[in-house]
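In what follows, chain A forms one complex with chain B and a second complex with chain C.
Now for the complex of A and B:
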């Protein structure tokens, strides 16, 4: 949005005289003499155009209702034109202005102007209405009402480019749901809009914006659009990505991004994809709003698409974006958000991108962004951190663990914005993975306590993320680190985590437990605290027909415990075959027949450990497993479709044979 | 890794190993563009540790270092893995020497048996792969068309190349080199690993032999992490 220039200084230095002038203008606005009124309107209009400070000051003095009166009471065309223009200017890029204009009841007054016989009046009304419709505060246009649709089409059909542009603007800013899209398409809006593509610059741009809204996430609408005159208009839009006006290039790119995200099959041509990426990259350098929108558009385009990320990477996207960020000039928050999100998408799947990004000395910039006053920027920076930290190579090298980076991240755990909290938890859960490095800055900053706190949050996503972070922190952890956890969470507390109502939270809690009992043999003792409370709970959860992902972690807990002493193995047997057995509630058999190969695999590993030949009770446990039908079940699975499962089963069966089994 | 100054060949005889008699597995519908990554193998996973020796013998001396390997990351989709390698009782170093390595998995999708870099020619490739008994059933196909039609997803051995990237705890002046790379064969069934170090400037066929480590426990234990 254009911001005020230097006129604020003249305002403050001539405060009293301009204040007088302003009061004077007001009395002239209310004059009954049309000439005087007209002159006053022009004055106000000229002062506020592109001048946010003036808009604000006139607003505070009540200019809007005064001008609204002029608009409603007059029949003089010049006055109508000037008051409409002034009101439009108040609304242009200034949310408080939009609010004031709507509150003053201007909307129906402007609509009335559209039916004037004077072209200039119609123009002025249409232009001002377009300004209002740029804002989210614009009245929600109810497309589902017949008369509204008729009115909309009358606008689209108009010869006047501001009026048809208004029709397109209304669509662009008010069409949000699939139902609305459907209703518009059925009424033939696409056919009307595409005519505007061949019109004036302003019509073209309005058309592109509205097309994007109507087509977004709606494959039927896209298919209809592409089918118009055998793809002619898709080609037109593609051509427009090379237009000489940057805003047109941007809007056509955004339109193509929408089409690509909705129905990628129309973009099989690598050349088009490549050109779309490079055009957006070029537009990033535009200093105005187009640059802001291009950044967000780029992140939307490459999201989840490895091939496009690769194209962007090869077109030097990372370096270009980093250079823009490093220019040191104050970038608009929307642009910052878009740039960080684009970097995040680039780093999402490709290790080359992550390494390239991290080699560019970007961490300082990212850390600064963590402190930005805009929550969206902070969130985007966290997401960028999270994705860059998917690089195991860089995690292993301790890239993210110096104080300079860790401290601001940990501080964001208490950010007032919940989207920031979620994003920073995601970043931290990756960054804490340090492969048991002896020093952990995260732990030094009290990270474990904070995560344990968050594991009790009301929000299940926060609980899940916090537990995932703890799990990663405890990956290959030494006893010292595990003790830090045990000092905060005892057996009973841990049982609450495993018994969480949300399956995803249970899964992470069990995965954390799995890591806690891995390592040296003493680690296993934790599940026996307070009379084996934790182990009992694990067994109980597994007996409850859990979801596969949770069951996998649970079985690996049992596997890890069963890698210990005789006592440990016997305790696992107790969980698998509790006495007395309630019906044939043998969850092992169920898991062995699961569609999830990882669950079958985890279950077989438990068996492998239970009958591991080095332990004295192996033979007896083997007998029990055989009698409970487990070994026979495995015999049926020798040709399991999954190679890993097949291999493990063969291990069990060869061990079984060595026990002298028939 | 290996000693910098060796240049003599001391060909070692490979012990005969029993190999499963699988015929060379074939992909059906040989569309190279649509190959899948290899399926997961429990023992080739992040957190798994291996221990054994690297023989660095040459004509002057018999020498072997104890080696510990830990896998830190596995990304089957991209045929990538990485981890650390620790060499103990290295004569010219006071402490164990730890390096960080990255691996390429031969899956027919991301990587093939042909290295195509690191100064390894096709002949070098074939010379090394053929030293693994489990490569024998595949050899014919690889020689004729690069193994385009092989379906490795059902083969109980995984072939990789491991390249050390940097020294973790010593300087580059430690007297050791990481200029070369390892041809590696991993056995899915017992997790044993064998490898041959290749570096045109070092003694050839220095052999790496590792087995899984259970930290003195009676069975296998598995840790895991999840990156968001």
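Now for the complex of A and C:
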């Protein structure tokens, strides 16, 4: 860097003199004298390597197109090397740089360099291309084209480690679909990649990354890989989890996680599972990118797997993760997301984990994460809350229902990101199940209105989650709460919810209704509002041959209504057997013959309530049911496979007998 | 792999450890050692590994000629690496950076900690030369942005800039930064990064073997009395005490 000749000591002059220097170098790039040009290229390259700020400022000056011209116009090897290296540096870990480099048409120019006779030129070209392929903006490589496949294999076969590494990188970042994986495997890519495992460090790492991409969620590819030389390469990858370089350990672990998630049968050995968990836990402490990736890898590994969650818990995972979160230094959002997701997975099924986690004074940290500027972090924190709130002990201790926690959660109901919305609804669904406190902070914060708003969202997931939260809110709720809720929805609102185009949303709406009419007899009156509009809609939906899960909730609504007064029971009969009706439309019979035991059970409960002997009209209703073939059908089900159904049927039949069997 | 087996007397009195240890005379010891077979090849490889990792290019080249031992990496790359190391050791950091970038432009682009330490060393050299204004400008332009990107860097930067505050920096609490040993530390860091990028192990094997020897002797001391190697540089056996 040229020395400053100015004698002024103010900082503003420092800034402008550096700006001048940059402009000066930039102008020399365009020089027609190759010596001057070469020197300028080297200067730019040396200024930007490692220095993001300089990359940005040179970018703004328009350095990239200038260097691209140097690359395309020159025959001189030194100029090719320096310009390729400079462009590679712009693309290294700097998305704006990748964009600029691609926009300047550099890609084909770099490809040309790979066929040079000068080894240094080839190296420079290969390295820079590899930088581009680390980014999501890299051109989509079409593996399905014959000539592309040929080119790819020529890269993989190269002696030059930068070139073969480039081949592996292209696979790692461009292979996404099953079809692509298949095409690559059929062309023999696995056999080529595993050779790189015995190569240099960068080849090994590129190989591991690309293996993970090719094997992901593809059992055929996995079995092919494991079959190579009778499992030798699977052992190699397992060995590499103990390598001296952290990045190698990480990439091999991630590869094993992919294989485990795709085909767990290759991991019957507890020891391997255990060491995979502990290696990932150790890698969490790495300060660089490896630590970030390790966190996400761990969450992916233990997701839905109780045995691995237990292993992790016993290996002190919770304390380790919490310690990292408490270090106070600014953690990369990817790492935060991974750590919170891992904690969430740990708390998903194991009560010990939840109690352990909550005892570590973590709530403040978690609440702060709810306000993080990155949506993925907010989502992960919500999922963490949701799973931790599964702990009844801690929930009833009021840990989640105080203002400190409740307010930020409620605020997230307005979050611009839909994944955050769905996640916070999940958390609230669990938290509102706190029965220990008579008043609810959630309701005080206007939670009901917000949930009703969200039940009308464009996103079906949000609608479903909002209704689930409302359903839980209405569970065993007192009349005051039910009135408050109903006044915001009204009959017409309910009709829209129950008639939602998505079956999953309909199911939640019916379940909500079920909880609403449950409890004291007055609650049943809701369905009779506006001339029985809601009850009619329920009947209509049930007659439409709904899916089992929806039908179950619908029948339970009828069950609850039928537990009321004489008028209520008659109204249910109306829905079951509307006046002018074709015989074949008897949905009750269909439900009784369903494969879903819960549906059979719910239907029988309705019948029990309809003919419970204490009410005056029971006898007539019994006659009707018998004439419609319902009672005879029940007699056929005396030995139903499901114990619960069997018992309820016995109840009905004994009620039936009390009317005199004719 | 153990060189020998020791059988401890089962019915020894625990109070007196000295008498329960097996005694091995010098003669017995040397006899056992002579029974161990080593390959010349292995020793040559060990020597070559040491020369190559430490960067003694000429010695390595000569040794290759004389012993027909193949060096594990291209000797030309050692020359480049040694040039970088030397540049840092002599305080010519900018030159070192240029050389590293010629060798492999990825190293500094993917090693933010190393890059920061090199820039920091540059700052130290400017301060050492008394170029205060230039140092401040450099700190402002090159190092401050790095500090913004990373908390840990910021602290180290503040420490370094503190050198400018003191009249006599060489007697200040941060004087260690001016010490030659700091240059050596930075040089070593660069050397290791280059070796790693070339997939070469950054430490030679010889020191590990010697450490293993000392550890093994310490372990054995609890069970036996035998001739020690006390001076690693000579490897001479010393008789066990009577």
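As a convention for this text, the second predicted complex is superposed on the first by the 641 of 662 C-alpha atoms of A that agree within 3 Å, B and C clash if a C-alpha of one lies under 4 Å from a C-alpha of the other, contacts with A are read in each partner's own complex, and residues count from 1 in each chain.
FYI, a contact is a pair of C-beta atoms (placed from the backbone, for glycine too) under 8 Å apart; a residue touches a chain by one contact, two chains touch by 3 or more.
Since the model is a prediction, treat every value here as computed from it, not as a measurement.
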Which superposed partner A:46 touches (first chain B, second chain C, both, neither): second
Chain B versus chain C as contact partner of A:560, first or second or both or neither: first
Contacts of A:472 with chain B and chain C, given as first, second, both or neither: first
Partner touching more residues of chain A, whether chain B or chain C: B
First (chain B), second (chain C), both or neither touched by A:386: first
Partner chain in contact with A:85 - chain B first, chain C second, else both or neither: second
First (chain B), second (chain C), both or neither touched by A:647: first
First (chain B), second (chain C), both or neither touched by A:202: second
Partner chain(s) touched by A:430 [first = chain B, second = chain C, both, neither]: first
List of chain B residues in touch with chain A within their complex: 39-42, 46-47, 70, 72-73, 75, 78, 80, 82, 84, 100, 102, 153-154, 156, 165, 188-189, 214-228
In the complex, chain C residues that touch chain A: 94, 97-98, 101, 105-106, 108-112, 115, 133-134, 136-137, 140-142, 145-146, 149, 151-152, 196-199, 201
Interface residues, chain A side, partner chain C - complex: 1, 3-4, 9, 11, 14-15, 17-18, 42, 45-46, 49-53, 85, 88-89, 92-93, 124, 127, 131, 200-202, 244-245, 329-330
In the complex with chain B, residue positions of chain A that touch it: 351, 386, 389-390, 392-393, 396-397, 426, 429-430, 433, 435, 465, 468, 471-472, 475-476, 508, 511, 514-515, 517-521, 556, 559-560, 562-565, 569, 597-598, 601, 605, 608-610, 612, 614-615, 642-644, 647-648, 650-651
